[in-house]
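There are two complexes below, and they share chain A, which is joined by chain B in the first and by chain C in the second.
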Partner chain A sequence: MPVTETAGTRLWKRRDRKAQLTVWAIQLGCLMVFSYCWSLVSEKTIWEFVYDAPTQAGDMASRMVPPAWDYMDKLWLAVWDTINIATLGTLMAVVLAFPIAFLAARNTTPSKVFIRPIALFIIVSSRSINSLLWALMLVTIIGPGVLAGVLAIGFRSIGFCAKLLYEAIEEIDVSQVEAVTATGATGPQILHYGIVPQILPAFAGISVFRWDINIRESTVLGLVGAGGIGLQLSASINNVAWTQVSLILLVVLGTVIVSEWVSAKVRHAII
Partner chain B sequence: MNTVTTHRSWKKQPFIKSPLLRWGLVVGGAFYLALVFGTMDVNWGRVADGIPRGQRFLSSFFPPDFTSRATDIFDGILESMWITIISTVVGILLSIPVGLGAARNLSPRPVYLFSRAVLAVSRTFPEIIIALFAVKLFGFGPFAGFIALSVGTIGFYGKLLAEDIEDMDTSQAEAVKATGASWFQWLNYAVQPQVMPRMIGLGMYRLDINFRESAVVGIVGGGGIGATLLTSFDRYEFDSAAAILLVIIFIVMGVEYSSSYIRKWVQ
Partner chain C sequence: MLRLVDLVKQYKTGDKALKHVNLEVPNGQVMALIGPSGAGKSTLIRCVNRLVEPTSGKIYLGDKELTSLSQGALRKARRRMGMIFQEYALVERLTVMENVLSGRLGYVPFWRSYFRKFPQSDIDEAFRLLARVGLDHMVDKRADELSGGQRQRVGICRALIQNPELLLVDEPTASLDPKTSRQIMRLICELCKERGLAAIINIHDVLLAQMFAERIVGLQLGEIVYDGPPDGLSPDVLTQIYGEEDWEATIAKVEDEDDEDEEAAVP
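This part shows the complex of A and B:
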């Protein structure tokens, strides 16, 4: 603790001189980087629009109330599609992620030199590309619609599920596996009786957790044409039908909150 | 004497113990799938048409074309990075008051409820939807993306900050309060040192998330590499698109590794 004594009074400071200077230097560095980035963004901004934004926002808000409740009739199908995209996408992802996780886990992979890097590469590339980018690609390739959304969610979630799952596989209790091996079990039997029961709770938890995230993500896939409620949202915004927009936002809010609640309940029941 | 057969067989215990729930889930799941495949509207002809296009897209990865759109790609990546940095900084700065307000042990009831509501709303809406509205309000360009990501950051960071403050060690806080410290001194010397290490780590994590998101806000007009990618898809320039995707994967990996390295170093 840096305590200085001047003229009989002891003065405590939080940091000594060197630490304080380091902190200041870091702060100054951050400030410089920030202001440089800010100046670059500011160059590309039309400030008149920004100054005008509060009035615009007020205007938009006033045109949003009351929500067009009768538009709900047309939204049910979109909500159903959104939920299906998330659910089927998650299903596809967990089915594909299961074997990939076993190939990627250090203790179960058949070959550390060849197969593990491939599995890890699949995981990394699937995780790095946002589901909206996957959707963009798939819409260009297989055309707009729910299928593109399902595949986009699926491709994006493979990496997420496989990563969490292979971490769970690497942390299993080896004594159980040894016990099963000692009974003379074959490779698949070891997998079935020794490893899978240990990771099933984690697996179920991960699936439900990802499903919850996917509901949130599938609400926006429609913006690039991949089905779901985002399609209605972009249509209503383009038609400047603000009362419909506010209803859609409320529906999105409701769907997300319900899915979060369901996922929390299920995970609570599993763990 | 013992006539009962000694052969006993063992079966693996099912994962879900209650048979009613187990079979209910199976039947319900099958019913749901049947319903989904019955109602899902897929244009298989269009999907079949897409297969050659998909092959063309995949083959364009070997090799990707970095050169013909090099300046566009470079500008887009840089713009994404600026957006990432300023939105992380501004988002975190704004989330500090909200996070303090949302900590139950720090703020009065009305402030707590208000801050929690702000956090809940900004957390539920995906960044893209916020970006959509930001583009309507602020015009096309990186500023809209910056606003969207900042709002997302507030929801994420504010919530975690509030939870961290709620979990802090109260004895230290009381000790500082007992010295007669003012409220700000109390925050600075009792609360901040306790939450700081974890918060720096989370800040790095959010930087990582914001970069990923900044790659997509461009799709709705929020600037950055997403806009470049959208253009190349719209022009069916798959080899440039492949190059952009590889650049995104590469940078995301780089940011992820460096952010996890910094997080380990801080803790």
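This part shows the complex of A and C:
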């Protein structure tokens, strides 16, 4: 259709007239929606405060320096807690996610009608709730502290790990499984010889990746009382001790950088 | 040895892969199954060990009927049939030894296989077989480090360690170069002779089939259209199996072999 013939020459355009008009109409529509939303936001903003923002930010920054370095003595334990929350939570998630992934994968689930939907539901519900929300609920149920943090991280990560793992299980090479089946192996043997070796690299990669994410997530859990460095952060903010806040932010940054470096190294070693 | 009676396989898509196939393979016979892609060769041998469930018909291995077996009995029956695959189908991340020993899974309880505590007799046999195919120095290599020909040798060991009565061989040479193809075919046929095994070898290389098999069965669209000796493959027969083509150059002048036997065992 985009080819037209004029005086013996065949002309080619990317789109014919109708398609081109449609594209323009869609672009115009997007622009109108954006302008409308902008005006809504603008109405509800107190612009005086926004005009003031650079001064306010400068003021806050001036109160944040220099960081209160001596406060570091009290932070070491909090950092240690944060790392432990992330690590133990990841460990718990990985152990629980492994069997759930096998129940959820189309090619290994014992029953597509009953068990697979249950496994998928566990995965979705675990993933749909942010770890901060998990922590909020768990703190009310089992009280504040590190345990609530570990469980919050764990519950949030089960879905993530199980989802990625069951996708890996669904992508395995079937012929290797067939070959093990053809020897007369039983179901568990087929699983152990035919499937597990194929997904082991994915499994290790997923675990390290999630641990890396969990380090970052566990730094804020303290805001709702679930232990870790976030506890100190919320206390310092409440006391308007901005020099302590800036130190804490620096420590969080450092921890995250180290964890990213470790996970990159480990993943590189596995693959 | 193996008898297929009125075997039918219809896939869910409605394709009839096998239409009332009757076939008998006597003890110790090496049979080549030739035919174009989609003729049902793979389906046929996969029906025998029920990696593919046949739609109807009977399969007798010795005097045991296979299509009606329960899961447990089927596993026992599968131990009597070794299978060799086109893309080797080794477990890539396990070692050569583990791959060979996996052929014993049907005989070993789960916990023993889990901790890799195979009986010493199995390990002895694995070493013997690996030496026979010229791979005894590769025992600890991971399967994905081997070349194509080496992998297929491991595949052969895995099938033979089952101590089978029948080999089901699915396109053993399709991923190999011409020289390795001949070596592998020669190895399979020698081992069948040594052990008195019957074999069904799916192969699309007509020349190789003629060189190594005692009997050739031609399959076309799920039906047997030729069943006879290798030298009975005339241009007319090949046309019937594969369709119109100039077949003169494809047919073996039956003298080919035996020239490179000596250095053939190890690449």
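Here is the rule we go by: the second predicted complex is superposed on the first by the 226 of 271 C-alpha atoms of A that agree within 3 Å, B and C clash if a C-alpha of one lies under 4 Å from a C-alpha of the other, contacts with A are read in each partner's own complex, and residues count from 1 in each chain.
Please note the rule applied: a residue touches a chain if its C-beta (ideal position, glycine included) is under 8 Å from a C-beta of that chain, and two chains touch if they have at least 3 such contacts.
Note that the structure is predicted; figures quoted are calculated from it, not measured.
Enquirer: Of chain B and chain C, which one touches more of chain A's residues?
Expert: Touching more of chain A: B.
Enquirer: Touching A:S62, do we find chain B (first), chain C (second), both, or neither?
Expert: After superposing on A, A:S62 lies clear of both chain B and chain C.
Enquirer: For A:V220, is the partner it touches chain B (first), chain C (second), both, or none of the two (neither)?
Expert: First partner only, chain B.
Enquirer: Looking at A:P188, would you say it contacts chain B, chain C, both, or neither? Reply first, second, both or neither.
Expert: So A:P188 only meets chain C here.
Enquirer: Which partner does A:L200 reach: the first (chain B), the second (chain C), both, or neither?
Expert: So A:L200 meets both chain B and chain C here.
Enquirer: Looking at the overlay, what does A:S175 touch: chain B (first), chain C (second), both, or neither?
Expert: In the superposition, A:S175 contacts chain C only.
Enquirer: Identify the partner contact of A:T9: answer first if only chain B is touched, second if only chain C is, both if each is, neither if none is.
Expert: Once the two structures are laid over each other on A, A:T9 reaches no partner at all.
Enquirer: Have a look at where A:N238 lands relative to chain B and chain C in the superposition and call it first, second, both or neither.
Expert: After superposing on A, A:N238 lies clear of both chain B and chain C.
Enquirer: By the touch definition above, which chain A residues appear in both interfaces, chain B in one complex and chain C in the other?
Expert: After superposing on chain A, chain A residues 192-193, 197, 200 contact both chain B and chain C.
Enquirer: In the complex of these two chains, what residues of chain C are touching chain A?
Expert: It is residues 49, 51, 75-79, 81-83, 85-87, 89-94, 98, 102-107, 110, 113-114, 155, 158, 162, 168 of chain C that touch chain A.
Enquirer: Would you mind writing out the residues of chain B in touch with chain A in their complex?
Expert: Interface residues on chain B, with respect to chain A: 12, 15, 32, 36, 39-43, 46-47, 49-50, 53-54, 57, 78-79, 81-83, 85-86, 89, 121, 124-126, 128-129, 132-133, 136-139, 141-143, 146, 189, 212-213, 215-216, 219-220, 223, 226, 229-230, 233, 236, 241, 245, 248-249, 252-253.
Enquirer: In the complex, go through chain A and note every residue touching chain C.
Expert: 173, 175-176, 178-186, 188-189, 192-194, 197-198, 200-201
Enquirer: Which positions of chain A touch chain B when the two form their complex?
Expert: Per the stated touch rule, the residues are 14, 30, 33-34, 37-38, 40-41, 44-46, 49-50, 53, 56-57, 60, 80, 84, 87-88, 124-125, 127-130, 132-133, 136-137, 140-143, 145-147, 192-193, 197, 200, 204, 216-217, 219-220, 223-224, 233-234, 237, 249, 252-253, 256-257.
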